[in-house]
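Letters A, B, C, D, E and F mark the chains in the order given here, with residues in each chain numbered from 1 onward.
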Amino acid sequence: MRQYILFKDALKGLWKENPVFRQLLGMCPTLAVTNAAIFGLSMGLATFFVLLCSSIIISIFRRVFPHQVRIASFVVIIATFVTVVDLFLKGNFPEISKALGPYVPLIVVNCLILGRQEVFASKNPLHRAVADALGMGIGFTLALIALASIRELLGSGTIFGVQILTLVGEGGRFRPWIIMLLPAGAFLTLGTMIGISNFFTGRAAKKSACH
Amino acid sequence: MRIRSFRGGVHPPEEKITSQKPIQELPLPKKVVIPLSQHTGVPARPTVKVGDRVKTGQRIGEAQGPISSNIHTSISGKITSIENHPHPLGPPSLAITIESDGRDEHHPSVKHNNDYFKLHPNEIREIVRGAGIVGLGGAAFPTHVKLSPPEDRWIDTVILNGCECEPYLTCDHRLMIEKTYEIIEGLKIIAKTLEVTSCYVGIEKNKEDAIKAMREEIRNKANMEIVSLKTKYPQGSEKQLIEAILNRKVPSGGLPLDVGVVVQNVGTALAISEAVKKGRPLIERVITVTGRGIKNPANLRVRMGTLFKDMIDYCGGFAGKPGKIIMGGALMGFAQHTLDVPVIKGTTGILLLTEDEVNIEEPQPCIKCARCVDSCPIYLLPLYLGIYGEKELWRKCEELGALDCTECGCCAYICPARIPLVQLIKLAKQEIAAYRKKK
Amino acid sequence: MKIMSDTVKMIAVLTIVGLISGGFLTFVYEQTISKAERKSLESLRKAIFVVLPEAVDYQELKLADQILYQGIDKSGQKVGLAFLVEGSGFQGKIEIMVGVDQDLSRLQNIQVLESVETPGLGGKITDQEFQDQFKGIAARPKITYVRNRNPVTPKKPGEIDAITGATISSKAVADMINKEIVRVWEALQ
Amino acid sequence: MNELLLIIISAVVINNFVLKYFLGICPFLGVSKQVEASLSMGMAVTFVMTLTAPVVWLINTFILVKFDLRFLEYVTDIIVIAALVQLVEMFIRKTSHGLYRTLGIYLPLITTNCAILFSALFLVLRGYNLIQSTLFGFGSGVGFTLAIVIMAGIREELDFADVPEALQGAASTLIIAGFLALAFMGFSGMPTK
Amino acid sequence: MGNQLLVSLLTMGGLGLILSIGLAIANKRLKVEVEEDPRIQEIASVLPGLNCGACGFAMCSGFAKALVEGKAPANGCIPGGEEVAKQVASILRIEVEAREKKIAKILCYHRGKARTQFDYQGLENCRAANLLFGGNKTCLYSCLGLGDCIEVCPFDAITLVNGKIEIDEERCTGCGKCVSICPKGVVALIPEEKKVHILCNSKDKGAIVRKICKEGCIGCGICVKVCPEEAITLKDNLAYIDYEKCTECGICAEKCPTHVIQVTSNIEQ
Amino acid sequence: MKEEHFLVSTSPHIRSAEDIPKIMYAVIIALIPVAIASIYFFRLWAIKLMAVCIITAMGTEDIFQRLRKKDITVFDGSAIITGLLLAFILPPSLPLWAASLGTFFAIALGKQIFGGLGYNIFNPALLGRAFLMATFPVLMTTWTKPFSLDVVTSATPLAQMKFAQSFVSHQSLFLGNVSGSLGETSALAILIGASFLLIRKIIDWRIPAGYLGTVVLLSSIFWFIDPKGFADPLWHLLAGGLILGAFFMAPDMVTTPVTKRGRWVFGIGCGLILIVIRSWSGLPEGVMYSILLMNAITPLINRFTHPRIFGEQK
C-alpha cells in the first residue's frame, strides 16, 4: 500500500499532473531555454536537483517554519540550492552556463518548485516528498527535452547536436526554420503541443495553477 | 445649403409604387373586428354587450387609466361577440366583433362644431381624448397625453412628421397632397392647445409634390415652416427628426418634451382636425396596401377593424405566391401569420412581399464590418449588442445602451452577415426589464 | 505572551535560515570558485592568444578606462595589442576580442566571445568563416562591409562581406571595432 | 536624459520582458483574462519592480560588491523581494482599502514572478547606476503591463470567438503570445541601452 | 577565507534578522483583522462547486458565507441534495429537516412538437420566439421546443430527442432554472417519486383545445370527480394535481377522455 | 398534413443586397489591377505564386472546416483574398513550398483556430508573412528585378535607403519598376483598385487617411530636419508596401476597430509605428509590423472608443 502511494506520487508528475503540459508551471524557463535539446536537458536537471534538495530539507523541517516567514524561508532555501547549481555549472560547464545565462538564477522563482513546497513538501513526510519531487522533476525534464528537441530539429535540423535533417547548404534539402529558435517559435510550439495533447486527452488544460 | 439630416441611417430602395395613386375609399366592410388594445398603454374596457346595436362613431370601449384610449365602432350594426381574436401585434386578445347593417348611421355624438376656433386648450384636449385619438405614425401613443405636458415643462415647438421614411408606404404622402388644408388646420389646433409659436413640418426630399402643396398652403403664415429633409431612413423617427430640424438632442431615455418639442404624425393632425371640427372620433384611417405580392397596390381609406383579407380582396388579391404579409413598413412592420387580423389605429400599411423577396439567408458570424455601427442613428454598437445577446450577457447589453435602441432596424438591414440584431436587442430589452423588475 | 514567542520564533527561524544559507554558500563558493574563475580566465587568455597568434604571453595595460593586453612573443618582443570591444547588434550585446598590430594599422584576428544574434542569421558572426575575414585586413581608414558582393569584383582593402540577411550584425561588428580602435588610438596618444 | 528615455523605451517595447525574454509568463497566462484585472496586476508588478530596483542596487553596490560576495546575489535579491512584497502588501492593506482591492490581491503572486528577480539581476549585469536602475525597473514593469493588458484585451474578445475546445485556455493564449512576439519583432534592431 | 565567511554570515544573518524584525513589526502594527471564519472554507470545499446559483447566491462561495452567517438554510444547495446538506449541517452543527427531492417536468404532451400556425424565422430561442405572437404553435400554452431550458440547465439534464424536449430524471437536480427561464411556464417541479402527471398547460376553453390539440386538457372535470382523494382541482380550464394528496391510484388517468393524465411508467420516455 | 403557412420573423423584413461573399468578391475585383501589374512585372513567377497561395488557402480552409464539422465556406471569397494578398507581399522568387507553408500558417493558425472568418484577431495574410519572415529571413529578403526571370538579388528601395542611403526615383516607385514584393511594386495599380473600394464604401476611408496622413506628416517633419538622412514624404508614401497595406490590409474589417474614432486611432497608430520602424529599427520595412501591432490592440481600442449614445448626458 505504501509503495503504491509512493508510486502514484511519483507517477503523477509524468503525465497526469505534468508541470508543463498540465499544470503550466515554470513556464519561463520552459520557453526561454528550449531552443536546443541540450539546454532543455541541463535546465531540467538543474531544476530537478533544486527541487529534490529543497523538498528534502523542507519536508524534514516542515514543522519548524512559522506561518509568516514560511515563504521567505522556502525561498531562501531554494535560492541557496540554485546558487549551488549555478556555481557548479559555471565551474564545470561554462558553455552551458553561458547559454542558460540568467535563466539559472530564475529557478529560484520557478513556480514549480515553490508550488511543490507549498502544496506538497511542507505537508508530507520525507519519503512522499521525495517521490513527488522525483516525479515532478523528471516530468519537467522530459517535457523540456521534448519541446527543445522539436525546436532544435526544426530550427537547426539537429537533436542534441546530431544532424538529422541535412541542410540546404550541405547537400540536403532542409532549410532551418529560424522562427523555432526565437521567442515566437517557443510560444507557438508549446501552444500547439498543449493543444494537441488536450485534443488527445479530451480535456482543456487547467488554467495556470501557478500562483 | 446643406440638406438637413442626421448622422447614421440607411437608404434602402424607396419602392414608393403607390405615391401617385389617389386615396380610394374602401367600401363598407360586412364585419369589423375592433380590438380593445390598439394603443400604447392599458387596453380599453368594453362598454357594450353582445347583441347590442351600435351606430358609427359610438363609443364601445372606455379608456382605463391615464395612458389609454377610448375605442369607437367604425360602422353601424350589431355586436356579435366579445372574445379573443387574432391581433396584428401579438397573441390573440379581446376584441369586439360588429356585423354591419349596411347603413353606416352616425351616432348623435358625431356633430360639427362651427366655433371650434374659440375652444379653450383644455376643451380641445377633452375632445381629443374623447375621440380616442392616438398617434397614427405607428406607435399609437395616446395623443391627449402628448398634448397635456406637465405644468413645469415648456413646449416651444410642434413638428409635424411627414417624412414617411419607410420604403413602400405612401399614405402620409397622399394625405399631404389631398388633405393639405385639414392637416394645417390640425397643426394650428395643436399649436393653439400647446400655446407654442413655432411649427415645422418635416418632409423627405423625395416627396417634392407634397412639399410644394404644403408650402403653398402655409404661405403668409409666419410661424410655420416646411422643412425638406434628406431622404434617409429613419428620418421620420422623432429623435432624428428633431435633430435634423432643430439640432436638439433628445436625452437618452427622455422624450421630445424634454427638449420642448411635440412631434405628431401628419395623419394625427388630420384626425385632430376632424375630431375638433366635425366631432368625428378616430374610426377610419388611410393605409397603403402595397408590395409586389398584391395585384393592385393602392392607398385606401378604411374603417378601423376591417380585416386584412377584405382589403387584399379589394386590391385584386395576391400576385403570385405570398412570402410575407407585413403590417406596417418593411423595416419596422410586423409580419402576420393570418389574414384574419383587423386594421388598428397604428396600421400604416399592408406590405406583401413575394416569396423570392423574402430573405432566408442563414446568419453568419459577425465580420466586425461595423456597418451596423455606422448606420445606427442612436450611435450604439449593435454588433456587440448581438454578440453579448447571443451569450445572454444582458447586463453588458444594458451597459451598451440596449434600452436606447429604437428598433429602427438599420443595423439588421445593413448587416452583411445577416445577424438578427433587432431580435437580439428586443430579447435583451425584455430580459433587462425582467431583471430590473426583480430588483 | 503568545504573540511575543511567535515573533521571536519567526525572527529566529529566518535569521538561522539566513545564517545557514550564508555559511553553506560561502563554503560551496570556496570549493568551486577557483575552478570557475580559472575557467573564465582561461577563456580570456585563450582568446588573447587566438587574436594575437604570435604572442606567447601578455601583460595588462590599464589605460584611463580600458584594459589593453600587450602581446609578447617568445623573444619578449611586443607583437600587438588585444582588447575587448562591446556593442549592440540586431538582438543585443556583442562582445569581441580584437587583436591589432602594435601601430593599430592592421587587424590580426578577432574572436566573438558573446553574441545573442539570431541563430542561423546574425548568429553566423560566430562562425569561423566570418571571423576569418578579419584576419590581417587593414584597419585604416576603417573597416567596411559590402552586401551581396558581386563575386567578380575584387575586395578592397579593409573590406569584408556581410552575412546574407544579417547586414545589421555584420555592420555592428565592423562599426564597433572601428570605434574602439579610434578610442584606443586616442588613449595611447 | 536621452539615455534615460532610451532605457525606458527599450524596456517597454524593444526588449519587452514577456515577449522577448519570456519572463513573468505564469501571470501572463494566468491573470490575462480580463483587462481590469491584468491592469491591476501590471500596476502591482510595476510598483514592486520600481521599488526593488533601487533597494537591490544599494545592497548589491554597498555590500555584495564591496565585500566580494557576488555569489550571495540570488539569495539576497530574492529575500529582499519577498520581504518587500510582503511589506508593501501589509502597508497597502492598512492604508487604502480601494488600492488594496485593486492591487493587493495580486501582490502575493508577485513574489514568485521571475520578471522581478530578473530585473534585479539584469540591472547589476548592465552596470546601471541608481537612477538608471530605478527607471529600468519601472520600464520593465510597464512593458509587462503593456503585454498583459494587450493579451487580456484579445482574450476578452476571444471569449466570443469560436475557438476549438482543445485550444481554449492556455494553448490559444500561448499561440497568441507567439503572434504578439512576431509582431514585436518589428522593433528589433532598434538602438537600445 | 575566514573573513569572507564572517561577512557572508553577517550579511545573510543580518538580512534575515532585519527583514524578519521588519516583518514582525509590520505584522503587529499594520495587521488588519480580516480573519475569515475558517468554516467558510470548509463548507466551500464540500459544496459541489457548480456555481449554478440555485441557492440564490452568487457562486458557491457566496452561499458558504451566507451559511456561516446564518443567512441561508443548510439544505439550500439543491444540486448537492441531502448528502451535502448533511455535511454542511455537521460543519455548522445544526439539524436539517429532510427535503423532498423534486425534479422538473414539462407539462406538455408534445414538448415542442405541437402543431404550428406559421413558419418562424429567427433566433433559435424560446423567449425570442415568444415575442412574436407568443410563438408559432397553434396552442398558445405549449412548449416551443427551441430549448432555452436546454441551454440553461447546469447539469445537462435536458436534451432534444426527435424534436421533443426530454428531461433526464437521473440528472435533474430540481434546481428550477428551467422553470424560471421558460417563457411559456410549461415546466414544473414535481416530487421525484410521484408518477401521475397532467401533461397539459392549456388554459384555453375546452372547445378551442379540442380544435387544436388532440392531447390537451379540455377542462371537462371528470378527473376531479373520479379522484377518490379529491387531489385534483380545476382552474382556468386546466386540471391540477395536489401531490400532497395524490396516492397514485391512476384512476384519473384511466378516465381522462383525452388521456392527458399519464402515469410516468406508461409514457414512452 | 402540411398546412400553408406564412413566414413570420422580427423586423426588418428587407435586407441590403450586400452580403459577405459580395463584399469579398468586390475586394477580389479590386485586386485584379494589382494582379495584372504583378504578372506584367514578374511574369510566370507571379502566376505561380498567386496560384499556389490561393489554392493552399482554400484547401486549408476546407480541411479545417471539415475537421470541425462546420459549414464549408471556402467560396465566400475571404480565403481567396488571404491567399492573393499573401502572394502579393511575398518576394517573387520565393520557393513555392515556402509560400505554401506560409499560407497554411496564415489560414490554419491565423484564422481557423479562432473559429474562422470574423473571429480572428490578427490579419491572417500578414501573420503568414510575419511567420515566413521569421522562419526564412534570407529567402524573404532575396529580391528580384522586374522583368528578369532569374534570381539576381537586388535590394528593395527601402533596403537601399536603410543600408546604402540611396533613393530610387519617384517615378519608378509609382509605376512599379523596382524590386520588391509581388504586388507592392506598382502604386498606380493599387490605387486603381483602392478607389473602387472607396467608391463602393467597402473600406472605411478613415484608416488609409489616418495611416497615410500620419506617415506624410511625420516624414515631412523628419525630412525638414534632416533632408539627407530621411526620405521625403512622397517617397515614403510610394515605397514598400505602404499603399497596398493602407488600402487593402489595414482596413480589413475583421481585425480593425468598429468605431469611427477607433479607426482614426488605428490608422494614426499604424503610421506612427511605421515611421519608427522605418527610421530606427533594424528592419527596412514596417508596414506588416505596424498593422499587426495595431491589430493586437484593436480590442483595447474598441473598448475605449465607444461612441456616446444619442442624447446621452455626461
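Operating definition for what follows: a contact is a pair of C-beta atoms (placed from the backbone, for glycine too) under 8 Å apart; a residue touches a chain by one contact, two chains touch by 3 or more.
Keep in mind that this is a model prediction, so the values were computed, not measured.
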**Request:** Find out how few touching-chain steps suffice to connect chain A with chain E.
**Result:** 1
**Item:** Chains contacting each of chain B and chain C, listed by label
**Value:** D, E, F
**Message:** Quick check: more C-beta contact pairs at A-F or at A-D?
**Reply:** A-D
**Message:** Let me check something: if the centre of a chain is the mean of its CA atoms, which chain is farthest from chain B?
**Reply:** C
**Fill in**
Per the C-alpha means, the centres of chain B and chain E lie apart by a whole-Å value of 43
**Message:** Counting only Cα atoms for the centres, state how far chain C is from chain E in Å.
**Reply:** 71
**Request:** Could you put a whole-Å number on the gap between the CA centroids of chain B and chain D?
**Result:** 61
**Prompt:** Using the touch rule from the top of the page, what residues of chain B touch 2 or more other chains?
**Reply:** 335, 337-338, 360, 365, 420, 423, 426
**Asked** Which parts of chain A, given as residue numbers and ranges, touch two or more other chains?
**Response** 68-69, 72, 76, 79-80, 83, 87, 178-179, 182, 184-185, 188, 195
**Asked** Among the residues of chain E, which ones contact at least 2 other chains?
**Response** 4, 8, 11-12, 15-16, 19-20, 23-24, 27, 117-118, 121-122, 128, 131-133, 136
**Request:** Can you identify all of the chain pairs that touch?
**Result:** A-C, A-D, A-E, A-F, B-D, B-E, B-F, C-D, C-E, C-F, D-E, D-F, E-F
**Request:** Under the touch definition given earlier, write down the residues of chain C that touch chain E in their complex.
**Result:** 3, 7, 10-11, 13-19, 21-23, 25-27, 30
**Asked** Which residues of chain B touch chain F in their complex?
**Response** 10, 12, 167, 239, 249-254, 322-326, 328, 330-338, 351, 353, 357-361, 364-370, 373-374, 377-381, 383, 400-401, 404, 407, 409, 412-418, 420, 422-423, 426
**Complete:** Seen from chain C, its contact residues with chain F in the complex are 90, 118, 121, 147-148, 164-165, 167-168, 171
**Fill in**
Given the complex, residues on chain B that touch chain E span 90-92, 335, 337-338, 360, 392, 420, 423-424, 426-427, 430-431
**Asked** Of all residues in chain A, which touch chain C in the complex?
**Response** 35, 64-66, 68-69, 72-73, 76-77, 79-80, 83-84, 87-88, 90-92, 94, 98, 155-156, 176, 178, 181-182
